[in-house]
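Next, two complexes with chain A in common: one pairs it with chain B, the other with chain C.
What follows is the complex of A and B.
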C-alpha cells in the first residue's frame, strides 16, 4: 500500500522503474559485464532527448492544444548554421553558440506570432513554420556536413569522472527547469494557465506574455540541442532532428506529465529518456528484427503510460 | 567535346530513324524535347548532391540545345500520393520525358501508366518503379552487400564476429543490401553477424544505435554498413574504448576523411562503397537517348562506386567537404551502359 501511495504522488517513478528494469534485462545478456558501458551510452543519448523534452514539457504544460512541432527543423537549422559559421575555428565557438540559441529564440517568437496574430492552432502553426525552417536549413548549406571545432567535438563526446559531458549539461538544465517550474512564480503561472485559462486570466496572469516566453524557451532549447548534437556527431545533417519530434513528446508523456497540461514533472523526463534509449538497446541486444522491435517498443511504451496513469487515477 | 559526340550520335540515330526528315536540325532530334525530374525527397546530403549533379549536367545540355528544358521538381513530403499528383501535373504540362526517383516501387504505377499512355518516356532510377512501360536504372544493391563480406574475407581470412548496420526499416534498399550481406556470410561461414541495428543511413542515428548495442557485444572484427553510417559507428566504437575493427565506409566525405586520418596514423585499411548521387544524370542521358529514337533496353544496371585503399587520396580530394563522393555521367557513359545491357 505504501508503495502505491508513493507512486501515486510521484508519477515519474514509473518511467524510472521501467528504465531500471530494461537496463537490468539488457545487461543480463552479458551477465552484467556491460553495465558501465551501457549506462554511459544511455546517459549520453538520453541527454539530447532530455534537452528537447524539457522545452516540450513547458509548452505542453500550457494546456490543451499547446505543442511545438517545429523542434526537429529548429535543431537542424541551428546545427547547420552554427557549424557553418564556426567552420571548425576555435575562435568562433562563442558566436556559434549564440547563433544557435538566437535561431531557436527567433523560431519561438515566430511560432508564437503565428499562433497569436493569425490565430492558427499551435499544432498547425508550428508544423507550417517547421517546413519554412527546414527549407531554410537545406538552402543554407545544401546538406554539406561541416566539422565542429576540435575542442567542441571533444567536449561533447567527452566525460568528466565517467559522466558524459552532454549529460552534465542536460542535468544542469534539468535542475534549472525544475526550479523554474516548481519554485518560481513563472512556473506557477504556466501551470495555472494549463489548469484553467479563464481562471488564470481572471487572476491577472499575463497569459500571452507567459505563452510567448514558453514557446521561445522551447525553441531555444531545441536550438541548443541541435548545436550539441551536431558537435557530438561530427556535423549537422538535414535529417538529424527527425526522431526528436516523437521523442520530445514521448519523454513528457512517459515521464508522467499530464498531456492535458497544467500538471508536469521534471524528473520523469530523465527516466523516460533513459527508458526509450534502453528499450531499443535491449531489443537490439536480444536480436529482434526491425518489425518485432517496433511493435514491442510500442507495447512497452503503452504499458508504462497505462501503469503511470492508472496510479494517478486511484490517487484522485 | 560533348557536342561533337552528340553530333555523331544524332547523325547515326538520324540515319536509322528519321531518314525522310531532311530538315532535322544539326544538333539532335531532342532539341525541342523537355525533360522533367520528379524527385520524392530532398532532406539529406545524398539527395542534395543528386539535385546539384542534375543541375550541373543538364544546365549546359539545355544551353547547348541538346534538350529544350530539364526541370527538377521535388515533393515537399516523402509521399507517394503527392508524387503521383506531381507526375500527373507533368503530363498536363506536356513534358516529353519524366525522369523519376520514386517514393515507392508500386504506388506510382498508375500515374506512370498514364504518362506512358500520353506518349511520355518514363525513366526511373535509384527508387525504381515496377510498371513495365517505364525504364529502370537499378543498382545491384544485393551485390553491394555481398562485396563487403568478400572484402572482409580477403583481409580477415580467419573470420570473426561482425556488426551489421542496416538502413531504414521497411525500405526495399535496406532489405536488398542486408540480403546481400547475409548471402556473403553464408559463402564465408567463418564470419558471424553477432548484432544488427538500424542506423537509418544517418551518422547520428547509427552512432546512437551502435553505442546502445556495443556494451553487450563480444569482440568484433568488422562492421558492415549501408552508407552514411560508418563515421557514426567509428565514433561510437571509439567512445566505448574498443579497438577499431574494419568498418566498411559509404563514400561520405567525413567517412573518407576519417579513414584517411586513420590510414596516415596507423595504416588502417578498409573499403568504401555506395551509389553515386550523379546517377540522376545517367537517367537524364538515358531519357535523352530514348527521345532521340535509340533503342534502349528497359532494364539497365548502374555500377556502384567503390573506393579502395589506393584510390582513397584521389577520391577524397575530389569529394566536396561534407558531401558525398560522386560521379557525373556523360552521354558516352550512358551509351556505354546502354550498350552493355543490349
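What follows is the complex of A and C.
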C-alpha cells in the first residue's frame, strides 16, 4: 500500500521501473556480458529523445490541443543548415551552434505567430509550418552530406568517465528544465495555464507571453537536438527527424505527464526514453525481426497508458 | 441572401480549390482535358478517403495519429492477401475494422487519450505491414485496378469518385441518425448520454466508419500504384488532419463537413502538382501544401471578421 501511495505521487517511477526491468531482461540473455555497453548506448540514444521530449513536455503542459508537430522538420533544418555553414571547419563551430539555436527560435516564434494571428489550434499551425520548414530543409540540403567538424564529431560520440557526452548535455538540460518547471515562477505559470486557461487569465498571468516563450523553448531544443544528432551521425539526413515526432510525444506521456496538460514531471522523460530504446534492443537481443519489434513496441506503449489510467483512478 | 459563417466555412475550401485549378489551367491549358484532369486528381482519391476517415475520428473529438500507418497496412494486405486469397484478405480487412471499433471502446471505457493510443497503434500497423511485405512489391487485384482506371464518359474517374464518396460520407455524417449521434458525442457527450443514447456505441461506430473509409483508401491507393510497401501512405496521417481542418472542420465540438473534407483533400493534392506547373523545384512540394493551408485559414479568418463587422453594421 505504501508502495502504491508512493508511486501515485511520483508517476515517473513507473517509467524507470519499466526501463530497469527491460534492461535486466536484456542482459539476462547475454549473461551480463554487455551490460556496460548496453547502458552506454541506451543513455546515448535516450539523450536525443530527452532533449526534444523536454520541449514537447513544456508545450503539452500548456493544456489540451497544445502539441508541437514541427519538431522533426526543425531538427532537420537546424542540422542541415548548421552543418553546411560549418563546412567541417573548427573555427565555425560557435556560429554553427548559434545558427541551429536561432533556426529553432525562429520556428518557435513563427509557430506562435500562426497560432495567435490565425486563431487556429496549435496542432494545425505547427503542422502547416512544419511542411514549409521541411521543404526549406530539402531545398538547402540537396542530398549533400556535409561532415561535421572533427572535434564536434568526436565530442558527440565520445564519453566522459564512461558517460556519453550527449547524455551529459541532456542531463544538464533536464536539471535546468526541472528547476524551470518546479521551482520557477515561469514553470508555475505554464502549469497554471494548462490547468485552467480562464483561471490563469483572471489571476493576471501574461498568458500569451508564457505561451510564446514555451513554443520558442520547444523549437530551440529541437534545433539543438538536430544539431547534436547530425554531428553524432556524421552528417544531416533529410529523414533524421522523422521518428522524433512520435517519440517526443511518447516519452512525455509514458513518463507520467498528463496529456491533458497542467501536470508534468521531468524525471519520467528520462525513464521513458531509456525504456523505449531498451525495449527495441531487448527485442533485438531475443532475435525478433523489425515487424514484431514494432508491433510489441506499440502494444507496450498502449499497455503503459492503460496502466497509467488505472493508477490515476486509484489515486483519485 | 445573407452569408452565414457556416456558409463561409464551406465556401472557402471551394474557393481555394477553384483558384488553384484556375492557376493550373492558366499555366497549362492542356490540363483542362479529360485525361489532364484525371492525372491531376488521380492520387487525390485515396487521400480524400483517408481524410474522411480522419473526419469521423475528429467528429468525436479524438485524433488518429495512426491513419497513415493503417492505410499502409491495408495497402499491403490488398496487394498480397486480397490478391492471392481474396477470402482471407477480406477477413483480415474486416478484422481490422473490428480492431478499430474495439479501440474506440477501449478509449471510451478507460477514458484514454486517443492521441497516445493511436500513436501506439501506428507502431502496430507498421509492424504488421512490414511483416506482410518486408520489401516493396505485391500486385493489385484486377478488379480494383480496373475500377480505379475505368473511364466513364465526359467526366474522369477521379472526379466521379470524389463526388460519390463525398456524397456518401455526407449522407452518413450529416443526414443519418448515426451521424447526428456521432457529432453529438463531439458536441456534448453528456447530453447525448442523458438523452438515452449509448455514447460507447456511437464512439465505436465512429471508429468503425473511420476504419471502413481508411480500408477503402488503402485499396484505392493500391489500385493506382499497382504495388505496395509498408511506408506507402505514412504521409496520410498529417495530410488527412490538414484536409479535415482545411475543409472547415474543428478539432472539438463535432463540427465537421464531409464535402469540405473531400474538397480540402483535393486542394492539398493539387497544391503539390501546382508547383510543377510553375516550373518550381519539387523540393517545395510539401511546403506548398503548408502554405496553402495557412493561406486558406487566413482567408477564412478574414471573411469571418468581415462578416461579423457587416452584421454589426
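One rule holds in what follows: the second predicted complex is superposed on the first by the 316 of 316 C-alpha atoms of A that agree within 3 Å, B and C clash if a C-alpha of one lies under 4 Å from a C-alpha of the other, contacts with A are read in each partner's own complex, and residues count from 1 in each chain.
Here is the rule we go by: a residue touches a chain if its C-beta (ideal position, glycine included) is under 8 Å from a C-beta of that chain, and two chains touch if they have at least 3 such contacts.
Keep in mind it's a predicted model, so treat the numbers as computed, not measured.
On the superposed chain A, the two partners chain B and chain C do not both fit; they clash.
In the superposition on chain A, A:29 makes contact with chain B only, not with chain C. When the two structures are aligned on the shared chain, A:195 is found in touch with neither chain B nor chain C. In the superposition on chain A, A:306 contacts chain C only, with no contact to chain B.
Of the two partner chains placed by the overlay, only chain C lies in contact with A:130; chain B stays clear of it. In the superposed pair of complexes, A:113 makes contact with neither chain B nor chain C.
In the superposition on chain A, A:291 contacts both chain B and chain C. When both complexes are overlaid on chain A, the residue A:138 reaches chain B and chain C alike.
Only one of the stretches 8-16, 206-214, 224-232 or 260-268 in chain C has C-alpha atoms clashing with chain B after the fit on chain A, and that stretch is 224-232.
Residue overlap on chain A between its contacts with chain B in one complex and with chain C in the other: 131, 134, 138, 289-291, 294. Listing the residues of chain B that touch chain A in their complex gives 42-49, 52, 76, 166, 169-170, 195-198, 200, 202-205, 207-209, 211-216, 231-232, 235-236, 239-240, 252-254, 320-323.
Those residues of chain A that touch chain B in the complex are listed here as 26-27, 29-30, 34-38, 41-42, 44-45, 131, 134, 138, 141-147, 157, 229, 232-235, 237-240, 243, 277-278, 280-281, 284-285, 287, 289-291, 294. Chain C contributes residues 63, 65, 106, 110-113, 115-117, 119-131, 134, 238, 241-242, 245, 251-252, 281, 283-291, 293-294, 297-298, 301 to its touches with chain A in the complex. Interface residues of chain A facing chain C in the complex, by the touch rule stated above, are 65, 67, 69, 114, 117-121, 123-124, 127-132, 134-136, 138-139, 246, 249-250, 253, 259-260, 289-302, 305-306, 309-310.
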